[in-house]
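Across the two complexes that follow, subunit A remains constant while its partner is subunit B and subsequently subunit C.
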Partner chain A sequence: MRRVAITGLGVVSPFGFGAKAFFDGLISGVTAVRPIASFDASRFPVQHAGEVPQARINRAWLGRALGMDAEDSNLQRWEAGGWLRDRKLSWALLAAREAWVQAGCSEAEGEAALSLALGLEQALLEDFAPIYREGKIQWGEEPKAPLPTVRFRTPVDLGARAVRSLLGLCGRTQVHVSACAAGALAVAHGASLIRRGDSDVVLAGAADAMINPLGLGGMIRLGATSPRNAPDACRPFDRRRDGLALGEGAALFVLEAEDRALARGAKVLGFVKGWGSTQDGFRVTAPRPDGSQAAAAIRRALASAGIAPEALGYVNAHGTGTPLNDPAEARALQVALGPWGGQVPVSSIKGAVGHLMAASGALELAAGMMPFLHGSIPGTVHFTDSDPECPLNVMGPDCHQSDVEHVLSNSFGFGGQNAAVILGAP
Partner chain B sequence: MKAALTGWAWRTPLGPDPEAVLERLLAGETAAAHHRHLAGAPFEVALGGAITAPPAPSKHQRFLRRMGLYALDCGKEAFLKAGIKGGPRVGVFLGYGGLRAHWNDMMPALEHQQEDGQDAWDRGFRLFHPFWMLQHLSNNAQALLAMELGARGEGITCGGANAGAQALGAAQRALSEGTLDAALVVAHDTLLEPETLVELGSRAQGAIRGESFMAPYGGGGSGFLPGEAAVALVLERPAGCAGRALGFLHAADGADGSREEPGQSVLAAVVERALDGVDCDVVDGAARGWMELDGIERRTLASILGEGTPLTATQAAFGQLGAAAAPAQALALVLAMRRGVLPPIASLSRIELGPLRPLTKAEPSNARCALVVSTGAPGLVGAVRVEVA
Partner chain C sequence: MKRSIPIVGAGAVGPWGLGWRGRADFRSEPAPSRQLSLSHPEVLGMEVPELTEEQDAGDRRQRKLMSRAARLGAIALREALRDAEWGAVREEVGYYLGVGASGAHMEEIPSALDASLVEGAFSTAAFGERGIYACNPLFVFQLMNNFTLCHGAILEGLGGPNAAFYSRGAGTLSALEEAVAALEEGICDRVLVGGADSAHHAVTWSEFVRDGLVSDGLVPGEGAAVLALAQDAQAPEAWLQDWGIGLGNRRPEVVMVAGWSPAVAQRLAREVSAQWEVPLFFWDGGEALAATPPMAWALGLDRIREGAASVLVLTEGLDGTRIRVHLGSTP
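Entry: the complex of A and B
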């Protein structure tokens, strides 16, 4: 069975651009949740989020960030077509470029598969204004002002198109849209392609950007966000937890068959050792309280990795900081890991960066690389008061030095999708 | 490893009953008509293939709209037909072209908004239904099917114009890896939403504009008929399905960089993966309806399958089905082969000269293996090899 090596990592996070900024932020133990700057949120009940520190995106800025000429035909096409209005597209491009360059990939990897999770399509409200009259959208009327080619809503796979275009990829593409578990599933799917021999190289990961009036408004009305309009809005596993904070960003991995990576002299950063996925089949609105199906996903991941629970040195939890998720996850870990479930170090980075929705699983897998790359486990920012309903060994806000061989990362999505991925040290 | 097809259902512009739809395909009927459910809307793209019967009433109408409800109907029907039970080794794989924001729900929030977005919350976002976000989750149909059917195993929701082929491929992999014993694959898409029709009408090689419909592969080159469908297929490992399998499938998918339509090399690569060394007797083509695209497709397929291979195009009858194309075409061809008759290309009277043999009439055939091909923007390909059981 082929081993799945990680040879490249690219990150865009609320801490900034690049994996270094991400890891520096996690190591510092501070939060990147701060007042929203990309639109006027001053009248929204929630005004804080884990926003990537770039309020406006245009061709010139993206060109500089990607190291491209601003007159590049791709950039021109994306801007003219209205693509750049969807922030997650830029995050996907930047993370993809970073991972690709770090892995030393070139045209030789042009047939790499792409396994990308993307968040909800963004309805572009400004497109409606020219044709919105008398309380209705006048669909058939050609507006006076010319509109971009991407009108009214962005296609579900727009980010994948852009990444393929940027890197010249022509292999298979899978676009995952399974809500909050999508990022982890995208990486697991990519690893599966390599293990089975269907692909030698896969660019896998996720991008999402819901910090906009629709996304923020919808989450506020759902009651998922913390009602406290403050940087410490999200308190994973803390007794005082009361909701999540939104985040945005992207994380992409170059996954490669180990023998191929070694043959071309690529540096192996880690391995994707195993994965498991299940469906709660309970409710769209809430996870299964007993955590049984989440536990099943974790057990499948352990079996896939061929390791016992005690081989795990760290668990990067889904840890949303909502009243329902955290205790359900705690139960899942105890059921799946047995006594070790209450002892293995656990942390969630959502207090630091927010909940990146479809991208959360991928960014948290990137955080799971921190022990391999920096010898330390990220802490749980804003966790100070443990909850008896979550009897886990939750790490406090500071990062912890640790020598870890295997990391488990959990992602549990709306609708009851459960994903567990296990990483291994290089 | 190919997968056995043991359950099936669909909602198509030619109807919901598989055998009745087959009769209409064999009769050369097309679903092309004015968009009845968008009556009065003056689109440049005037014709489409629409599903006419409404979806069954459902308690899940809070979380699913029209196409999602059709997907739910199909999924349950196909599952029942397969005669299997849910459990930890049964999974749901969903492919869809893309969610539509439900503008009616949003009107209260949009009505008083300003173009610059100032004061958006006070101007209407505070009026959103509390479940508005949940109603727009990408994976609602997958989640609800898993609930209804007790399917607790792995699964995914994937998106894009070839998402049905993506979902078929992912389900096949799970079956071959042994993580599942059965997979329900559901795909749905509609190209008849207002914003899609606006976009198709403005695209260079998009949908037919105006009133006249010309069949693909006829040299007229005026575009494709937009359509819609929901399809559900139950797949199992072939061993143990004796007597229950309608046929066998092997799916592949791919993408050609940033091109709007896939080029020859990517199309060929995906087709070769679907065939996996097996010869096919007939091909159901992508039917894009533009001379250049049809020509590329015919030359590519002929180089692999042979110049004289019969060519049909069920999407000339249904309309282009987007994410639902690959599963719908697969089901149509396996039904046709079992009947021993290949369907003609609807409305095709004059054939553009070139490789492959486009069918203008229903043709008796001993075909046992078909290749179905679908493409969609941008540069996406789905291909399925279908064999009769």
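Entry: the complex of A and C
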């Protein structure tokens, strides 16, 4: 069975651009949840989020960030189409470029597959408005080519097409849309392609950006966001937790068959050792409270990795900071890991960066690389008051030194999709 | 060399209504789109006919949370489970689905816009103050395209491995590949795979118009189909013999071709004819996006049931990927 090596990592997070900024932020133990700057949220009930620190995106900025000529035809096309309004496009491109460069990939890796999780299309309400009259959207007035100005939403797979074009990839592309489990599933899928011999190299990960009027508004309307309008809005596993804070960003990994990576002299940063997924099959609006199906996903991941629960040195929890998720996840860990479930160090980075939705699983896997790359475990920012409903060994806000061989990362999506991925030290 | 996979049942809902048996020679005529009658009254296409309460998915309250695709997917899933006679123990049953874009009902958008316009322009402030409260809070569950998978899984109590892939063709093949891998790797011994989608959506249709696909011959379709695959079976309906991208080299007895436009279908037919002299059948259900491949697979399955030894189902969706699926009466 082929081992799946990680040879590249790229991150765009609320802490800034690049994996270094992300790890530095987690090590600092502070939050990157702050007042929203990318649009005027002053009249929204929630005005804080884990926003990538770049308020405005245009062709010139993205060109500079990618080291490309602003006259590049791709950049021009994305701008002309109005697609740069969807921030996840830029996050996907920047994280992909960083991972690709770090792995030392070149044209020789052009056959790489792409397994990318992307959040929902961005609905462009501001474009609906000019053709809305007398209670109706006037569909027939949609401007025609050559330069249409009305866009109703961005394409689902826009980020995947852009990454392929940027890096010149010609392998298969899979776009995962499994809500908050999608990022983890995209990485797991990429690893599976390598393990079973269908691909030698896969660029895998996720990008999402829901911090826009409809994205934020939808989560507020759903009652998912914390009503506290402050940087400490998200308090995973804390007794006072009351909802999530939105986040945005991207994390992409270059996954590679270990023998291939070693043969070309690539540095192995870690391994994807195992993965598992399940469905709650329970309710549209809530996770299964006994955590049994989430536990089944964790058990599958352990079996896939071929390790016992006690081999896990750290669990990066889904830990949304919502009243229902955290206790269900605590039960899942106890069911799946037995007594070790109450002892293994657990943390959630959502207090620091918010909930990146489709990208959360990928960014949290990046956080799971911290023990291998920095010898430390990220803390749970804003966790100060433990909750008996969540009887776990939750790490406090500070980063902790630790020598860890295996890391479990959990991701649970709206609709009951559960994913668990296990990383291994290099 | 791939191992043949037993197909032990299927569920489908399409322009012909419910079911897949006896549908192999299905033919339809485009009719005015009911779903697009307000936004694009001129559009002709193929739609799933009105279903009875018994045929439909869930109850009225549950259906209010569903997009059209989620509803069709849930119906096909239920029918596949019935057809495979998979009982109540479904915690280990896997489910992989090709899904489309967000397909929420458009009625919510005017409500949000009404509350968010200031002097004819969209006001972010007004949306933050009033617009978000003009929407149904559960509107999000219609918007999220993974719910095309989740609504059905919840209604049917599925608990196994799963994933939703965005598909304009190839994503549905990814779903099939993952489903087969789940069986091959022993992650589960029963798995459901298919796709659900509808092109009869105002936003989707407007995008097709703008992208020139309508003038290139796209006729909107919709539907869903799900195949039930098992690791082992004594007397399966058929066997999944081969699958992948491109025509492949395996000679079939008959071929079913589904292209997103008549011109694409004709091109696929020419490619087949250049390689083999075999009877050709054409898909006639309109372009159902993520759902076209599995709906065509279901009709191919019916052709096996009618006596064909092997059927190649060749589809090409809007992403331009040619997908082959070989079905056979034997492994």
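Please note the rule applied: the second predicted complex is superposed on the first by the 417 of 426 C-alpha atoms of A that agree within 3 Å, B and C clash if a C-alpha of one lies under 4 Å from a C-alpha of the other, contacts with A are read in each partner's own complex, and residues count from 1 in each chain.
The rule is simple: contacts are C-beta pairs under 8 Å (C-beta built on N, C-alpha and C of every residue); 3 or more make two chains touch, one makes a residue touch a chain.
No experiment lies behind these values; they were computed from the predicted model shown.
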**Q.** Combined model on subunit A: subunit C and subunit B, fit or clash
**A.** clash
Q: Could you tell me if A:176 is touching subunit B, subunit C, both of them or neither one (first, second, both, neither)?
A: both
(Q) Quick check for you: in the superposed arrangement, does A:340 touch first (subunit B), second (subunit C), both or neither? (A) neither
Q: Answer with first, second, both or neither: which of subunit B and subunit C does A:293 touch in the superposed model?
A: both
Q: Scan A:168 for contacts with subunit B and subunit C and give back first, second, both or neither.
A: first
**Q.** First, second, both or neither for A:114, with subunit B first and subunit C second
**A.** first
Q.
A:61 in the overlay: touching subunit B, subunit C, both, or neither? Say first, second, both or neither.
A. neither
Q. Which positions of subunit A sit in both the subunit B and the subunit C interface?
A. 39-41, 43-45, 118, 120-121, 123, 125-126, 128-129, 132, 135, 137, 139-140, 152-153, 155-157, 172-179, 182, 185, 189, 192, 196, 198, 213-214, 217-219, 221-223, 276-285, 293, 296, 300, 413-417
**Q.** Touching residues on subunit C, where the partner in the complex is subunit A
**A.** 38-40, 65, 90-91, 95, 99, 101-102, 106, 109-110, 112-114, 116-117, 120-122, 124-129, 131-133, 135, 137-141, 143-147, 149-151, 153-154, 156-166, 168, 170-171, 174, 177-178, 181, 184-185, 187, 202-203, 206-207, 209-210, 212, 245
**Q.** List of subunit B residues in touch with subunit A within their complex
**A.** 38, 41-43, 63, 86, 88, 91-92, 96-101, 103, 106-107, 109-111, 113, 115, 117-122, 125-126, 128-134, 136-140, 142-144, 146-147, 150-161, 163, 166, 170, 173, 176-177, 179, 194-195, 197-199, 202, 252-258, 265-266, 270, 378-380
Q | Contact set on subunit A toward subunit C in their complex | A | 39-45, 118, 120-121, 123, 125-126, 128-130, 132, 135-137, 139-140, 142, 144-145, 148, 152-153, 155-157, 172-179, 182, 185, 189, 192, 196, 198, 213-214, 217-223, 276-285, 293, 296, 300, 413-417
Q) If you look only at subunit A, which of its residues touch subunit B in the complex? A) 39-41, 43-45, 74, 114, 118, 120-121, 123, 125-126, 128-129, 132, 135, 137, 139-141, 149, 151-153, 155-157, 160-162, 164-165, 168-179, 182, 185, 189, 192, 196, 198, 213-215, 217-219, 221-224, 276-285, 293, 296, 300, 413-417
